[in-house]
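Okay, so chain A shows up in both of these, paired with chain B first and chain C after.
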Partner chain A sequence: MNSAYIASIVNSTLRSTTPILLAALGSAVCSRVGVFNIALEAQMLIACFFSIAVNYTTGSVLLSVAAGIFSGALVGLIVAVLQVKYRAADMVIGTSLNLLVQGGTTFLLYLFFGLRGVLNDPKLVSLNKINLPVIRDIPFLGRALENLTILDYLCYVIAVLLFVYLFKTVSGFRTLSVGINKSAAESLGTKATRIQMRMVVLSGALCGLGGTALSMGQVTMFTENMTSGRGFIAMAAASLGMSHPLLTVLSSLFFGLCQGIGVALQNVIKSQLTMTLPYIATIVALVIFSRRGGGARAKKRTGGL
Partner chain B sequence: MLLEMKHITKVYGSLYANDDVHLTLEKGEVLAVVGENGAGKSTLMKILYGLEQPTSGEIYLNGALQRFRSPHDAIAKKIGMVQQHFMLLNPCTVAENIVYGREPKKHGLFFDREAAVRITEELCGRYGLHIDPRRRVGDCPVGLQQRVEILKVLYQDADIIIFDEPSAVLTPQEVNELLRTMRKLAEMGKSIIIITHKLHEVMAVADRVMVMRLGKYIKEMPKEETSVEEMSYLMVGRRIVERKVAPQKTTGTVLDVQDLVLAGSDEKNILDHFHLHVDGGEIVGIAGVSGNGQSELIQCLTGLLSPTSGKILLNGKDVSGQSVGQIREAGCACIPEDRYLWGCAAQATLTETAIMAHQYRPEISSKGLLSGRNTRAFTQSLLEGYDVRNSGQGQKAGELSGGNIQKLIVAREIEQKSPLLIAAEPTRGVDIGAMEFIHNKLLEKRERGDAVLLISSELTEIMSLSDRIYVIYEGRTAGEFRKEEASEESLGILMMGGKLHEAI
Partner chain C sequence: MKPSKAKELAGQIWRALRQPLAAAVFGLLVGAVVILACGQNPVTVYIEMFNKSFFTPYYLFSTLTRATPIIICAMATGMAWRAGYINIGVEGQMVTGTFAATVAALYIPGPPIFVGLVSWIAGMAAGALYALLPAVLNWKFQVSMVITTLMLNYVANNIASYFVTYPLKDTSGDGLALQTAEIAEGLRLTRLSSTSTFNAGFLIAAAVVLLMIFITKKTVFGYESKMGGFNSSFARYGGTKQVKVMMITMALSGAIASLAGTAEVFGLKFRYADGMLSSTNYAWTGLMAALIADLDPAGMFFVSIFLSGLQIGGSAIQRSLGIPLEIATIIQCCITLFVSVKLVFRFTRGKARREEAKGGAQA
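So, the complex of A and B:
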């Protein structure tokens, strides 16, 4: 295995990480305020669709990204209203939204564009590919960072910003307190429900950005159900990263790596098999994690009774 | 007059939680609001603190009409509340908890945690309440957690401090400390309202007493002009008879626990060579601060947990590590400590709740089929014999009030007619009437010559019922007393891990 090969794996790892990381951060902020949001898949997929739809109609990259963020946030708002405000069951809401968006985007694709399954057109504009001036000439690094988009860098900045917000600011402290003990936060005058709703909408926006990174990053197209479970992988990444923004970066990179390796190996092994790698990794990671989590819970139970 | 609540009425559906209640409070005064569970004390305080809105009635502060839509409004008017169930962020530090809501900031945005520590230290010094600001709240014992709650209220600069059942979770020493703190705060000019049903605390700390019953204001009087007897009469509406438990001869040992060890997740054992024995015809109490292994002991005795080593002899037969069914078969019934977690299924009907663990008795079922007529008759006998107020056997267990479901569970377990009854927190959160009833049933069980093991965090309950008392501390048997040797002080010291000679 030569270094060029490794560099290309790094490159595809970074590209695969971006949507997962953004959605995982969305998942993390939700669980930090005690909301179990499983509509991540819906929040991402709707953004994939609308970013490409707006891209196709207007040709503007900026408007496309905005449409992605906005549509994701809109689904987040639905989750917030139903699940947080009216306390509907999280499983029901999440599952039905995921199914609804999956069917809905396919339907809208047909309705608006008369297309079945795929929207891929030469007039679609992709995000600018960045090749940093000096670095592109460094042999390994240049290849590893080749043709990344702004979002591939921005997601790490967002992770750091979220970390600073949650753990260093007063407002972040209040936000965290809602997840630690909602009634305590409320008893001290914090408007806990409002904070929860705000965070769910934020998660929608983050997932929306993640969906946009998916449909306008490596490829520029929309295909039916193109998120293919990335929302759930993101949930796994967030819980593996203990809903901490910086640890979530690490766990997302791990899942990104699995996808990267999967892509790299598809010429060696049957691609049907390599495509399953991220999902196998998810199951393995969740089993390991839930063992740990279960242990902690069991301990709490004997101690707390 | 600092505070005046006039004509407060709060209606939930058809229930009058508060019915035209009046309350007044002067500066620097300690007012005790007493009453049974369900008398409406907590509702009244929730209205004052803005957690509930009154159906009608007014609140005046210094003569000005107030409207508290949320605790936020009440806090702004310098009213603070030390909740019965602590409202703390356990993973956070003491300082973070105290400054919550008015955090010191750096650059207008960032949380200045160092300043929070300084503020806490300064606050502790001013009121003489000491605590380490950097300690994690979850690691603090209950007494200190309550101190954090008090400091929180003081940091909000409250002039009126409401204490909701503050001593429910404390050891006797911690209670004394708390009462001293309350007196000190009153001397510093704070006005205090304490909600309680523990009348000796009222006598120790209050200036004035207000009695409530069934949502109504009954009477108020200066402490000097009343007595524990008068207050309890006013609270219950009838005389409570002082219970005299006649000593009686015990028969042979029923339960003998020897050298019981339950290993924990770290090196420390949860149960550490614990031993006790209970004879027929006696009630044996286990006193201890909750979390010292009582729950695990009950679970080992009833078969929910398998002990690491040691023996549990029930009528001479070792039952340690056997299944729950086998142990029940061998003659052990149990009133579990948490009635909703272990004692009943909230969605089950009263009939189903009543026959749990009776289902294999021949009159209840034969060949795997339940007899409808007999189960109903059996359930009816329990409901009537134990005065369980219900709206029919089809009612769901979860719809009964706490005291009534507890009476049904007590009925079910006593009617097992087993040689051993484990009664864990049998009267937690039930009112005086139900408490008296349950106590009498336990004493009847004892008179029949059965063995009763009583585990309770209420020291008065242990002291009044038990023939012998063990103290459990960190899973060890820290002491054993005959009834006449035990005092609250000596038990309290052992419960805190002290040695007895320190007491004398």
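So, the complex of A and C:
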């Protein structure tokens, strides 16, 4: 293993981490206010679709990203209304929304563009690839950070901002109090349900950005069901990171690494086998960290299961 | 007294059917809007769709054939969920079990009856073990079963895909398709219709439904597992060994799941092809059916048939009218969402009424 090889693994790790981290932060804010949101997959996939659809129609990167965030937040709003306001069962809302978006995006792809399964066109504009001026020339680092997009950097900034908001501001403390004891928070005049709904919509927006990073990051295209379980990996990452924004960065990087290694090894080991790596790693990681961080707490957060 | 009793019964049936019917109407209304968006007339499309799913013998047989794995998946889901174990890994358990059964059918020598028996049992054992894995991890390490069962779906699909792409790929023919060789003629399930692929797999599905009704209504285990799902502290207080109930429930769920795919291979496809059980969304459709029917075995049976009818009709209109078959998925998800919302309204209304009653008592 030479250093160039390792640098390329680091590079693909960073790229794979971005969508997972953004969605995992979305999952974390929901867990923090006691909402079990499993529609992450739907929130991501719809953003993949609308970012590419707007991209194809307008050719504007900015509008595409906005469309991704907005559509993700919209699905988040549906979850917020049905699950938080009207207290529908989380599994029912989550699974039906995930399937609805999976079928719906394929349907819309046909309705809008007459295409089946894939939208890939040379007309699509990708996010700017950034090659930092000085770092570009440093041997290892230059390769490791080669061709990353703005979102690949931004996701870490968002994680830090979320940490500061949740743990260093009054409003953040109020938000956390809702997750710790909703009725106690309400008795002190906190509008608990409204805060929960706001956080679910925020989770939608974060997943939306994550979905955009997926469809406009390494490749710029939409394919049917392109999230392929990343929303659920994100859930695992958040639960591994104990729903703490900074720990979630670490756990997401771990899942990114599993995918990155899979990409790097695909010539040595058959891709079907390396593809199982992140999923097995999720389970192994959850087992290893289950004792630490209190199994009971994690259990409570995932609906007692 | 008799007429009032009949009236009461009619009222009961009406109350039980009211909600799924309303949900179905709502789902079809949303579907109508989507069809309008495609520039077609919803009435003609729906007539075409239902003609080509329920009201023509050939298509009715196709619907029942497709319903077979969906019914069984719904039962596998219901088995676990009613006990409070959110098993969303039915797909992985089905893939593992089916793959094991197919491999056994291909490589074990002997008379067909023996090989057939061994294959089905091997499939059920593999499915059960694959479902026990998350149960054991939950018991020993408190790892969320929702996440593990789901992750194991991807693992099973990819590993089965690896085997049919490389070591077990059928090299006869053009060798392009990613699939195993065909199983022997003697192992295949009997066709029940001379003109279509409708086969004895459907009878297996029906038997699973009856078994499920028997287990849930007539056995101690069925009661204990339901109590565990209903109120785990109460169940523990009543002397239920929860770990044992969890293990048996999950093993049964996985074993049933395996039957879904095994029936598909032995009755319809005669080989395991890459993605045959995942791209068809059998497990997820079964899950939807289970949710719509509120985990009632007989209800799940009929809802599964209805949903597979939607899918068969959906692919018919895709061929004849060019409307994507995903219309079926959209209708089906809207039905589920509406069912859940109805439940919510009932819940909040009930609560309001209770609070009112409480207020009245105080005054």
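In this section, the second predicted complex is superposed on the first by the 287 of 305 C-alpha atoms of A that agree within 3 Å, B and C clash if a C-alpha of one lies under 4 Å from a C-alpha of the other, contacts with A are read in each partner's own complex, and residues count from 1 in each chain.
Methods note: a residue touches a chain if its C-beta (ideal position, glycine included) is under 8 Å from a C-beta of that chain, and two chains touch if they have at least 3 such contacts.
In this text, all values refer to a predicted model and were calculated from it rather than measured experimentally.
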Between chain B (first) and chain C (second), which, if any, makes contact with A:Lys168: first, second, both or neither?
first
According to the stated criteria, A:Val118 is in contact with first (chain B), second (chain C), both, or neither; which is it?
neither
With the two complexes superposed on chain A, say which partner A:Leu97 touches: chain B (first), chain C (second), both, or neither.
second
Of chain C and chain B, partner touching more chain A residues:
C
Does the superposition put A:Tyr279 against chain B (first), chain C (second), both, or neither?
second
In the superposed arrangement, which partner chain does A:Phe232 touch: chain B (first), chain C (second), both, or neither?
second
With the two structures laid over each other on chain A, which partner does A:Leu250 touch: chain B (first), chain C (second), both, or neither?
neither
Common interface residues of chain A - those touching chain B in one complex and chain C in the other:
295, 299, 302-303, 305
State the interface residues of chain C toward chain A in the complex, per the touch definition above.
34, 37-38, 84-86, 88, 137-138, 141-148, 150-155, 158-159, 161-162, 165-166, 281, 284, 287-288, 291, 324, 326-330, 332-334, 336-337, 339-341, 343-345, 347-348
In the complex of these two chains, what residues of chain A are touching chain C?
38, 82, 86-89, 91-93, 95-97, 99-100, 102-104, 106-107, 110-111, 116, 228-229, 232-233, 235-236, 239, 270, 272-273, 275-276, 279-280, 282-283, 286-287, 290-291, 295-296, 298-299, 302-303, 305
Considering the complex alone, what residue numbers of chain A touch chain B?
168-174, 177, 180-181, 183-190, 295, 299, 302-303, 305
Listed in rising order, the residues of chain B that touch chain A in the complex are 51, 70-72, 75, 81, 83, 86-92, 96, 100-101, 103, 105, 109-111, 152, 264-265, 270, 291, 295-296, 299, 337-338
